[in-house]
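Next come two complexes built around chain A: one with chain B, the other with chain C.
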Partner chain A sequence: MSEKIGEVIEASTGQFVAECYELHSPPPLGSLVKTSDSDVEIYGVVCNAATESVDPGRRPIARGKEEATEEGIYRQHPQLSKLLRTTFDILVIGHAQGDELYHYLPPHPSRVHSFVYLCETDEVRRFTQSLDFLPILLGTKAVAVDEIASACLRQASCAHDDKRTFLVKAGKEVAVLLSGDLNRLNAILRRIRA
Partner chain B sequence: MNEATPQGKRLGIVVGGSLTEGINVKLDSATPIEEMAVGRYVVIEGQKCRFFGMISDVTLGATNQQLTITPPDVSDPFIAEVIAGTGTYGVIHVGLRLTLSGDAMSILQGPQPVKTVPAHFSMVREASEADIERVFGQEDEKHFYVGTPLDMETKVCLDIPEFVKRSNGIFGKSGTGKTFFTRLLLIGMVQKKAAANLIFDMHNEYGWQVQSEEKRFVKGLKQLFPSKVAVFTLDEDSARRRGLSADYIVEIGSDEIEPEDIELLRETLNLTQPAVEAVYQFSRHFGEKRWLETFLKLDEAADIKDLLDKLSVHESSYRNLRRGLAKLSRLHFLVPHARENSVQRILEYLDRGINVVLEFGRYDDLTAYVLVANILTRRIYDKYRERKEAARGDEKAEPYPLVITIEEAHKFLNPAVSEQTIFGKIAREMRKYNVTLLVIDQRPSGIDDEVMSQLGTKVAYLLDNEKDIDSVLMGTSGKSELKTVLAKLEARQQALIFGHALPMPVVVKTREYGSAESYREFGFRDAAELKRKAEEDIKGLF
Partner chain C sequence: MQRAKPFAGGLGVSPNFFFSPKTGGERGFINSFVIRKHLVLYSPQRVAEMSLDLNKVAGQIEGMAADLKAEQKDKEAHLSHALEILRLKSNELDSLRKRIENSKTTWLVAGITNELTGSHKSRECPSDFAVIAVDGSHIDVDRHSAARCCLINIGSVVLRYGEKPDAALRSQPALYASRQDLTIADPLGSGEQALERDLLGIKRAVAEAEALAELCEGIPPQLPALALLDGSLIMWGLGGQAYPDYVKRELLENGFLQALNKIKEISQKTRVALASYISFPRSTDVVNALRVALCPYDPPDCDRNCSRSVPSSKKVCEAVDGVQDSAIFARVLGPGERSATFISRSSVVQKHYGDNEVRFFYLKGDEEIARVEFPRWAEERGLVDLIHTLILDQCRRGQGYPVALSEAHEQAVVTGSDREQFQYLVELALSEKRLPTATSAKSRSKKTRWI
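The block that comes next holds the complex of A and B.
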């Protein structure tokens, strides 16, 4: 069973936001996570993570002037871990129904409070057998979209036995999609080179 | 992606083109572009039929022009591998040659000429050995193996009976392998019993052994097929020096020389046009049979002014003619009256299906060659014509097909003389009288266009003169593609063969000739082997 890492707190068809159960422990950028909407499992890529105050009106203040270590601050102020929270944004790239995988958007968004799991190696390998999700990933309006795409491919390559072959295949796919934008292509290729 | 099926490796897909211009094929990224040599065969799997084509050009493409201006960091093998086939790609240009549709009827009929093109994105693969075999046939009683396609082991075979039905040509620069290929073809014709050959062997290369450029002795036809080849010579001494006992010594009577023969020699004898015209006057005056002998005997000192006036020949023309014809008196095979009828002798041999090599010995200048070849061929052709007409369509009574091999063909077939010589006539009238030519030449541009266009099968070795290339390819479909192929041939042993006896043009590495193994393949057994065989036969008897 995959590891449960958080819960959906905001959901739309193409993107959702989840809150981590552990403060400061979001899944790595570009990793594959999943959540479910009844019998549909929704797959997404972590595209952003943030830690902020639970109450948007109250910004955290600096407290460590007298402390020797950073851990000391949390020890002295145990309430802090309750006043802060870590959230992460997920870009939806596919879904599964029964045993079938689909590399396009699901019919419905996930429900709020659905659990979010980090996908295990086998699952990552299975999902990234096809690279049909790359157009969604490269076409998103996120800020550092190329960073996210490269991080995702780097992460996914670790799940494959032949890392290089996977990256070459992915690189070729990216090269076709970005044939009109060489600067972006070069940036991604430099970030994923094996 | 690039699975090696028994059908041959996948190369790429069709992306455009036309029937006349050829098809463009985008190579898969895994296909190494450097292996795509011009002249290689590919097969395109269309929806209903299969197309055979030949690579005629290879180009490099890029999806984005910017890529060529600011190239990516290809020193990194990863980036280089990704870019190959995506951002940059190779395109091969394929000239379509044949189709083979899948239904039973067309399998029986064999490959057909192309009339359409494969659809977009049809799969293109290397032609496998089986594909080549289906197109060029296997070695059998009709097909003779002449060489292998580039980078392949399959045999390319010529349909010899079809081949001899038309006049054919072998062209190429000196030293490219014309003589070797001619020997091969002659062996093919001897082996397949498709025709009798009469070879005008200017440099004594075909009958008996000669030294190759690698200083190796290669056997002549007479040595390989002693019972099927006879060597005639004009120069007995030369034959004896080379250890050959000729079957017949040819003599030409000066009474056999006609004014037309002199006209053909105009260039080699350096005669002026009025001098040539004077020949006709002398011939009329002295009589057809005796004119040359009498003319050569005319006393230099004697006053012949009256004679010249009578014949209205200018004295300078007479001098010119005299100087020219004096060269003929140096030809020792030329006698006032030949003891035997050489033409009759040659015909006797040819009728028995024995091939005749006529060696010129030391008379390897053009005067002797043009004169003798023309005189003999004219007579032989006349006889064939008589017999063919007498046969009146009765196939059994028809004369056995004859192939006449001539070298330096442009001397007989250049536009100025091809109208008059018997060779021009044979080349043009083709096989009506069962006589065809095998012309060998290094300057095909010197041959009359009309004759060139009548040649059935052409074998072209490397040619680098633009005019020669154009003249060889004249009237061939897909000329521009073949031109690239022809100009890129290797200097030796590679030839482009196209025309009547082959379903499509092919570049071959010509079959080996000269090793003991190659002789065995031609059916030749050396003395030791024959002795062993005889001993075995004797044992079998008792």
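The block that comes next holds the complex of A and C.
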């Protein structure tokens, strides 16, 4: 069981937001993470990460003019790490109940304060055996959705023994879904070239 | 809220407003225009909606600015005179000290330690040190609320610098609702004082000092550390006859001073110093010492020699009127330097503080002259240089103000919306217990403004 990397701070059916336990350490864009709603495990793809002030009324200012290194800034101002936080947004693309995997949205959103875990390699491989989650991913209204989809497929390919085969299969699936939009299709295919 | 609409043609105000009798003339016209250009952007309908008629106040504000400008020249002359007296008297400290001891003035005069015009550079910052700061805010008792209660919120910060940098930021609210909590009772009699308004502010200062003392306990013995408070260490509010003795005993002897004593004891086994930081001080203790030096009477006695009923009095000390200590030290000190240390001779300090007698120096930071206060025991233990060095370092990290204090303030602050939430929670708790939540008619009429 992997270590928890964050905690849900906002949740809705199609997405949730988590805060990282470690500042500046969100999971990579496109990686598969999971959280739970008691007996249902909810899977999602990281689609955004941000580091900002805990208090929305305060903004960081540049402090490093006299510092040689970036670490020096945090050493000279130890309160900074307590005043900033890193959060990441997750697009829900499936769920699991018991041993069954489903590549569609869960019946209920996750609960606030649920732990968030980075999926391990076997889990990623098992989940991405089927690419039925692609319609949700490509159809979402998120910003830079094609970047996220490409990042997700690149990340997922690392969990498969034959990266190339996986990416070719994914490319064909994307081509079917985006047959009416060649520009988008080309953009994604260029980003998942092995 | 509807945005003010820019007024397209002409001016939205009467031409009379441009020629106020006080300012008059061409310059007055230009000054008026500068202030009033803000008003011409509002349409007449918008101006009529505001309950404060800024048009009527604008002229008065200009008058005030003109008066201040006229006083400027006098102020400069008084400041030069004060600087001259300062230099002259710096070699006659013994006689000045004696005069100050014997004088009976209507204003507060600083006690002199061993110098008047000295300026001291800061030392090198220790490689490892800690700064602890506490600030507080409160929600006063709402006379119009169904439940009588108040809240004190204490924000505290401990910052470690050096090998193992770290920070601990915390906010701790405390609700005062029981009868004992909301009053200070005379243990030997039947009198009692309600804890609200000014007295609540004093209680908050006590709570801040107590929180600071508690945090000092956690400091390792060899680590140089500075415990900082915002504002003055002098409990002005408890001086004089404003409150009965039992209130002073509870809040001063058994409250604030007890906390200072605790920090003093901790300091005996560690390297913890205590100070408070006053930004933009308006004090005149040191200038008043110059007034004593100037006084032709021996001993100086304001009531006897210069009362308004005595027509032939010559108030020579008027030559330094309007000069604040900060203006003097802005000229005397170089960047980062501190002044000599002085003693507060306020009656509450002299009567009650003992070892904690408040002393102070002025510090020229990058952005302003600040007044730093500390107890006598800190000076006796040789901690003044540490206080100076660490406060300067804190101001440099904090863009001109000690960063530990500004972070403690952020932890303590209670915003307008926090207040509303608090009131809402109180009403919710009452209604869940089926208690009446009626508020006053006056409060209701303020919330629902009808015609």
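Please note the rule applied: the second predicted complex is superposed on the first by the 194 of 194 C-alpha atoms of A that agree within 3 Å, B and C clash if a C-alpha of one lies under 4 Å from a C-alpha of the other, contacts with A are read in each partner's own complex, and residues count from 1 in each chain.
We take it that a contact is a pair of C-beta atoms (placed from the backbone, for glycine too) under 8 Å apart; a residue touches a chain by one contact, two chains touch by 3 or more.
All figures in this text were calculated on a predicted structure; none of them were measured in a lab.
Overlay on chain A: chain B and chain C fit together in the combined arrangement.
Rounded to the nearest 10, the angle made at the CA centre of chain A by the CA centres of chain B and chain C in the overlaid structures is 160 degrees. In the overlay built on the shared chain, the residue A:Arg58 is in contact with chain C alone; chain B does not reach it. Once the two complexes are laid over each other on the shared chain, residue contacts for A:Gly180 go to chain B alone; chain C is not touched.
By the touch criterion defined above, A:Arg193 reaches chain B but does not reach chain C. The larger set of touched chain A residues comes from B, when the choice is between chain B and chain C. After overlaying the two complexes on the shared chain, residue contacts for A:Gln76 are found with chain C alone; chain B is out of touch. Taking the two complexes aligned on chain A, the least Cα distance separating chain B from chain C is 51 Å.
Listed in rising order, the residues of chain B touching chain A in the complex are 29, 63-64, 66-67, 70, 72-73, 76, 78-79, 81-83, 85-87. Residue ranges on chain A touching chain B, taken from their complex, read 164, 167-168, 171-172, 174-176, 179-180, 182, 185-186, 189-190, 193-194. Here chain A touches chain C in the complex through residues 55, 58, 61, 74-83, going by the rule given at the top. Touching chain A in their complex are the following residues of chain C: 157, 159-161, 165-169, 397, 399, 403, 407, 410.
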